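Got a structure for you, written out below as structure tokens; questions coming shortly.
Here the chain labels run A, B, C, D and E in written order, and each chain numbers its own residues starting at 1.
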Amino acid sequence: MSGSDTANPYQNDRGNKDLSIGKPGGGTLTASPGTKHAMNTSQAFLIGDTMTGGYGNGPDILHACTIAVNPGEIAVIVGPNGAGKSTAMKAVFGMLNVRQGSVRLDGEDITDLSPQARVAKGMGFVPQTNNIFASMTVEENLEMGAFIRRDDIRATMEQVYHLFPILKDKRRQPAGELSGGQRQQVAVGRALMTQPKVLMLDEPTAGVSPIVMDELFDRIIEVSRTGIPILMVEQNARQALEIADKGYVLVQGRNAHTGTGKELLADEQVRRSFLGG
Amino acid sequence: QDTITLGVLLGFTGPAESLAPGMADGAELAMAEVTESGALLGGATVVSVRGDSACDATLSVAAAERLITSAGVNGIIGALCSGATIPALTNVAMPNGMVMVSPSATSPALSTLEDNGLFFRTAPSDARQGVVMAQNILDRGFDTVAVTYTNNDYGRGLADSFAAAFAELGGTVTLVASHEDGRADYSAEVGALAAAGGDVLVVAGYIDQGGPGIIRAALDTGAFDTFVLPDGMVGNAITERFGTEINGSFGQFPGTDSEGAAMYFDLATAAGFDGTAAFSAEAYDAAALIMLAMQAAGSTVPAEYAAHIMDVANAPGEPILPGELGRALELLAAGQDIDYIGATAVELIGGGESAGAYREIEVVDGVIQTVNFR
Amino acid sequence: MDILNAFVTLLNFVIIPATAYGAQLALGALGVTLIYGILRFSNFAHGDTMAFGTMIVILCTWGLQGAGVTFGPLPTALLALPVGIALTGLLVIGTDRVVYRFYRRQKAKPVIYVIASLGVMFIMNGIVRFIIGVDDQRFADGERFIISARTFRDLTGLEEGLAFRTSQGITIVVALIAMGLLFWFLNRTRTGKSMRAFSDNEDLALLSGINPERVVMITWLIVAALATTAGTLYGLDKSFKAFTYFQLLLPIFAAAIVGGLGNPVGAILGGFLIAFSEVGVTYAFRKVVEYLGPEGWSPDGLMQLLSTDYKFAVSFGILLIVLLFRPTGIMKGKSV
Amino acid sequence: MTRSLDTRALLMFALVGMLFVGTGFVQSWNIALGIFNMGLISAIMALGVNMQWGYAGLFNVGVMGFAALGGLAAVLVSMPPQQDAWAAGGVQVLLGLVLGAATIVLAILAWSKLPAGRMRALTMIVILVGGFFLFRSVFDTGVAAVEAVNPSAAGYLGGLGLPVILAWPVGGLLAAGAAWIIGKTALGLRSDYLAIATLGIAEIIIAVLKNEDWLARGVKNVTGIPRPVPYEVDLQQTEWFLDLAARMGASPVIFSSIFVKLCYAALFIVVLLALIWLSEKAWNSPWGRMMRAIRDNEVSASAMGKNVKARHLQVFILGSAIIGMAGAMMTTLDSQLVPGTYQPLRFTFLIWVMVIVGGSGNNWGAVLGGFLIWWLWIQVEPIGAFVMQGITAGMDPDAWLRGHLMDAVAHMRLLTMGVILLVVLRFSPRGLIPER
Amino acid sequence: MIVVEDLHKHFGGFHAVDGASLTIETGSITALIGPNGAGKTTLFNVIAGVLPPTSGRVVMDGEDITGLPPHVLFSKGLLRTFQIAHEFHSMTCRENLMMVPPGQTGETLWNTWFGRKRIADEERALRAKADEVLEFLTVEHLADHPAGQISGGQKKLLELGRTMMVDAKIVFLDEVGAGVNRTLLNTIGDAIIRLNRERGYTFCVIEHDMDFIGRLCDPVIVMAEGHVLAKGTIDEIKANEAVIEAYLGTGLKNKDKLEGAGA
């Protein structure tokens, strides 16, 4: 792929070697279902492979759902409310019982790892709700983001403050006293502090003002350009898909459409049903 | 009958839990002695069943119920606290016609309680001790005192009767303040008592509850250095703890100049427990009385032997001391009268309670010494 | 007018005892508040944990005393403290494994933990009474007083004495140090912050790579240390009796709560508030007024606001009033 | 009414029922009935706590205080009045109380009517201080006079001499009144802060009961409170009863105790069933839904137009009234009021254990918990002793350890209780009959 | 309808709302926008009685409603949603809706014992109404699901659904759109317009989605740093320099960089 054969200027072939992308219809990634140890056949850096599972002993929410992302890529998941987007993210992060399928990181099967072990492996995650330490100050929230790091974190913290200037003003304030949008910024900042190898964001822009949203997307692009794969759920879907290399549309826990961001944006039916026309 | 069961209904847990073991040991010592003698009703074995009254009305009723209707006891030694004794008596023992002999329930209310002749106690009513104590203090030349009492019916009753008697005899009580047992700190009480002042401090409490705490705080702050110790406070534990610090303190507890107490102490030591523990001797006597009465009545049925308790306890008859239960049983079997003196010089009066002769003690060189009898 | 004597009286009967008692409560409250702050429940077994720790210390102290080891003017028990802390640590961590971890996994409501801790309390209660019995146990040795009433009187020639016990001194110092350390630990160290993060949002703590089991273990270890120290110091000052340690739970909780749950500084303030209200409000000021008034004059009554019968009620009353104005305690504590 | 009673619940009730029947066969029916009666009262108390906690999330740890108020009602209603004491200073005591109340009312009026400022503060202080001394001077002399009348047997004002059954609703009212005052002031507090506040108030109530002798003899206890049912000793001498016993083939002594217990049980069951019916109806209706909403999220419920404060006050008062009623029933059963026995462990935390083990938010759960936990509370003593006997059975009778173990038997009671509690909680962490 | 006069709300030394004055006309759909932390939610909370103001007045239809508790305001027809969803987590979605209508017969204890018949009738009607709302929000399949266990977006829908259970005069919507699927948001927008036209509800909407605002609202009020920065139609606002700088921004910066890199 080259930048010129699409109308979307944000797309280029920054390391996207997965040729299966771009064919809508979903489920085209080579998957190895139901295994816990078999090596993956796909090349994806992080892949949640034909995941089936649900909360506790409840019914399955995900049905053979596959999500993958490669270094330098931004993958965006969209879909109606309750489709299972957050559930899929949690499944990839090991916060859910994956009854079938597997999760692999850089070729290694991590399906049975605990969340904190995944953090140690370099995965960073911003959940959709409850994503800050409300009783701790903004600065402590960021420090906790860097909990597993042993090096000097001050530079990263400066970067976060640079990205979200309001947080610097509020850094001694308990995060629970912040406004909705400010909390969201703390949450993203916390994840950035990890300096993760993979970044997973569940609706990072919910409730943030347009100017901050732009900043945020800018920053996400920058991060991804350093070669870090980014997996993101978004309801501000059009903006998100514009910068996405890969888009997944989930409906009722299944892959409904998969394609590049611009392909999905161009798909009339997807637009109408999921992106608000 | 081969085995006779006696219930030992005491507050093994709860606020008085540290008193109960010594008392139970005392009661069981008497049972063991009788069993060994093989003289009770032609060689019956006496076994004890313990019940926990926890110093709580409902638990004590439940435990009494279990002792009587399930364990099938022939008599009950207990309960420990007056508050637990009364409901067990009225709600369980009386309806079932069961004899209860309490070693330690000293509430004056029990003197007048309707009991169908089933209730006895080997400790005198607090009303009596108040008078004795007042006299004792005045005789030693102290005429202003402060009083602290443990905030229950025992402490309150004793403090009331003492204060009334003391005032009547011409003394001055500067302050009567309660203290709760088992509390963490008694600085407030001692502060108030110190401010009120007085020659001596009357501590109407328990030796293993709040009492020592009060004494400790009073000694440390220099508020008082002479203490008056009523029955609940007299015991080796107090001198072990304070030694010569409380030299000159004095008090009294039920007892006569019989050798009973010393003999009991030896018996207890031989059996491996402390015979001076509060109410331990009373418990021994309570158990002894029941068994002697059984022998006298020739029956283990409470209704039948209840009437004999007074007989065996009081004169006329051959005096019986601790360790002589076997002899007493034989005398009774032979149809002779006995006068049970026991470890605490038992003398039952009125509705079946201890007459209350008192032994006056003083702490000399860190040791409790008997100086007089009243 | 005799200001000096008046002041010494007040010091001797109110200020020193209340400060020492306050420090004792505060040390206990620190443990309660820590569990609440990190594990988010009121641990009813704390009193009995204290009793257990103290029991171990007592047994060791007896051993040491028997072997002729002493600690100069200080109580030998301080030497035995590390052993007590270690064994108590093992006990509470074991308890956590067997009991609380299950509910943590279930994400049970705090009240379930509270009731579970009641169960633990019953059991520890039994264990302690089983091993050391229900009686008073003494194990204090060393110099009893920093200054005793008599010495003070002899030294100063004042009418009133002033007593300050070694155990009181140690308790006050230890309580303040413990508070400082705990505050520093929770707010400044990485581990401390991770513990607060865990208590705030367990899931998110996981996502930050914080190991919950480690957090829980450290919490219990600190609690064991606090409980054992508190229990031992209390025992040195008064005496050891299982039932009293259980009774101690109530004022300790009151202190932790009125100070603001989860806050070490609050625990200390709460402890002193409870102690001073118990000792101060019911104090009879007669002697003090006597000294302050003209020579030879003395007031009629005791000059007592309320009788000591109500001291517990008074301290609770004050606690209520404080809570009405600061519903989550003096230091704005947590609330689940 | 059976909506929340599914098979699991019925099974649980059957199991607990079997415990009681088993007790009857193995030990004696007297014991079984004795435990059952207290179980009924415990169940009622648990219902009250469940209302407050399960319905509204109010952490009331002052159960003990409300129960004690109920007990006080039993004395005030049913004991004969002490004429001498009334003559000596009864009126003065009452006058003192009225003065005290008037002072408080006046102070509150001054606070709300006067403009804020130094003037108001000053007036308040004058009213309070002046009122306090006036109150003390009138009240204290009255009290001294009353308490001086025959202190070892009376020394208090006595009661109204009415049938003791009347004390049950009166106990409820007393508790409700106290709850109203507490609710008005302290319901703004949450979770453990409310807990310590209620605990404190309970301690204050107990302190008053212990120290105000003119009211109910303080720690000297009131004994011999009249019964609503016949006395065993009387029954044992009654013609028809002896006939009945003979016809049943039972010993009159044992049968009389059982008969009396059955009478109590009948009275208690009526009360319990009525309360269950009322609370079930309320809980499974829009009122219950509203309460659950408030419990889940107060802010939101308030934004949805529900008056959170008023509702909290309502359940707090209702729950406390139920506890007070149960307290009065218990004192009736004991026939005595012993302020010293009101211990938080027994009267507050044990009830809480019942509610949580039974299943909070579920009336049937609370009732089941009441029966089960009370049964355990009584029976762990023999169970613990039995266990100990088992342990020591193989040991040399003279071994030191055996002696030590046997001495510690009493402490097995709490230990066993703890173990059973943890086991039950472990296997049904949401309670035996969880909220739906 | 609502007039806010010089309202201040301070948290310690921080002035979250700092002299805000604004008017919400009866029958309008007024938008309230502004950067994060501008004080919008705080303003809502003060108006709705959740927080007491430090100073200033709120007037509704000529009546001073400053500091009235939320449930009283509710009874006056003032409804609000929460930015961070406040569902009743242990109750089912349907119950979440059914609890809303005020003055239900069954909310009085007495009636729950002696007015069963009336309650049953009312409940039936309520249930039908709740189901209708659930269907509108596309979550009818969750009617019996505990509200604590639905997706983040669905909670926001429920939040909105509650305001649809009663007849309100004015509804404050705090970012109902955040986390809601855009297609569904359009439907919601239609519903808001319909409620506004047909039933005469007044709306005050906080949103960060300018498309949504543009489609629905007139006028638009912009807040920044606790006070009102600008007011006008959407087009005026979009052209306002100050608003662009503080709030709207100028789009992605990396757009150019990316293009540069890709070319």
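Rule of thumb we're sticking to: contacts are C-beta pairs under 8 Å (C-beta built on N, C-alpha and C of every residue); 3 or more make two chains touch, one makes a residue touch a chain.
A quick map from chain label to UniProt name: A = Amino acid/amide ABC transporter ATP-binding protein 2 (HAAT family); C = Amino acid/amide ABC transporter membrane protein 1 (HAAT family); D = Amino acid/amide ABC transporter membrane protein 2 (HAAT family); E = Amino acid/amide ABC transporter ATP-binding protein 1 (HAAT family).
Just so it is clear, the structure is predicted and the values come from calculations on it, not from any experiment.
Peer 1: Which contact partners do subunit D and subunit E have in common?
Peer 2: Chains touching both subunit D and subunit E: none.
Peer 1: Considering only mean CA positions as chain centres, point out the chain farthest from subunit D.
Peer 2: Most remote chain from subunit D, centroid-wise, comes out as A.
Peer 1: Counting in whole Å, what is the centre-to-centre distance of subunit B and subunit C, each centre being its mean C-alpha position?
Peer 2: Computed from C-alpha means, the inter-chain centre distance equals 35 Å.
Peer 1: Just the number, please: Cα centre separation of subunit A and subunit C in whole Å.
Peer 2: From the centre of subunit A to the centre of subunit C is 49 Å.
Peer 1: If you average the CA atoms of subunit A and of subunit B, how many Å lie between those two points?
Peer 2: About 78 Å, centre to centre.
Peer 1: Residues of subunit C that contact two or more other chains, please.
Peer 2: In subunit C, the residues touching two or more other chains are 129, 134, 307, 309, 312.
Peer 1: Hey, what residues on subunit B touch two or more of the other chains?
Peer 2: 14-15, 17, 21, 151, 178
Peer 1: Residues of subunit E that touch two or more other chains: which are they?
Peer 2: none
Peer 1: Where do chains touch, given as pairs?
Peer 2: Touch list across chains, by label: A-C, A-E, B-C, B-D, C-D, D-E.
Peer 1: For the complex, give me every residue of subunit D touching subunit C.
Peer 2: Within the complex, subunit D touches subunit C at residues 53, 59, 185-186, 188-193, 195-197, 199-201, 203-204, 207-208, 210-211, 344, 349, 352-353, 356-357, 360, 408, 411-412, 414-415, 417-419, 421-422, 425-426, 429.
Peer 1: Residue numbers of subunit C touching subunit D in their complex, please.
Peer 2: Those in contact with subunit D are residues 36, 42, 44, 99, 102-103, 106, 108, 110-112, 114-116, 118-123, 125-127, 129-130, 134, 250, 253-254, 257-258, 261, 307, 309-310, 312-313, 316-317, 319-320, 323-324, 327-329, 333, 335-336.
Peer 1: Mind listing the subunit D positions that touch subunit E in their complex?
Peer 2: Residue list for subunit D touching subunit E: 278, 281-282, 285-290, 292-293, 295-297, 299-309, 314, 435.
Peer 1: Can you list the residues on subunit C that touch subunit A in the complex?
Peer 2: 190, 193-194, 196-197, 199-201, 203-212, 334
Peer 1: Write out the stretch or stretches of subunit E touching subunit A in their complex.
Peer 2: The contact residues of subunit E facing subunit A are 11, 33-42, 83-84, 138-139, 142, 149-154, 156-157, 175, 178-186, 208-211, 246-255, 258-259, 261-263.
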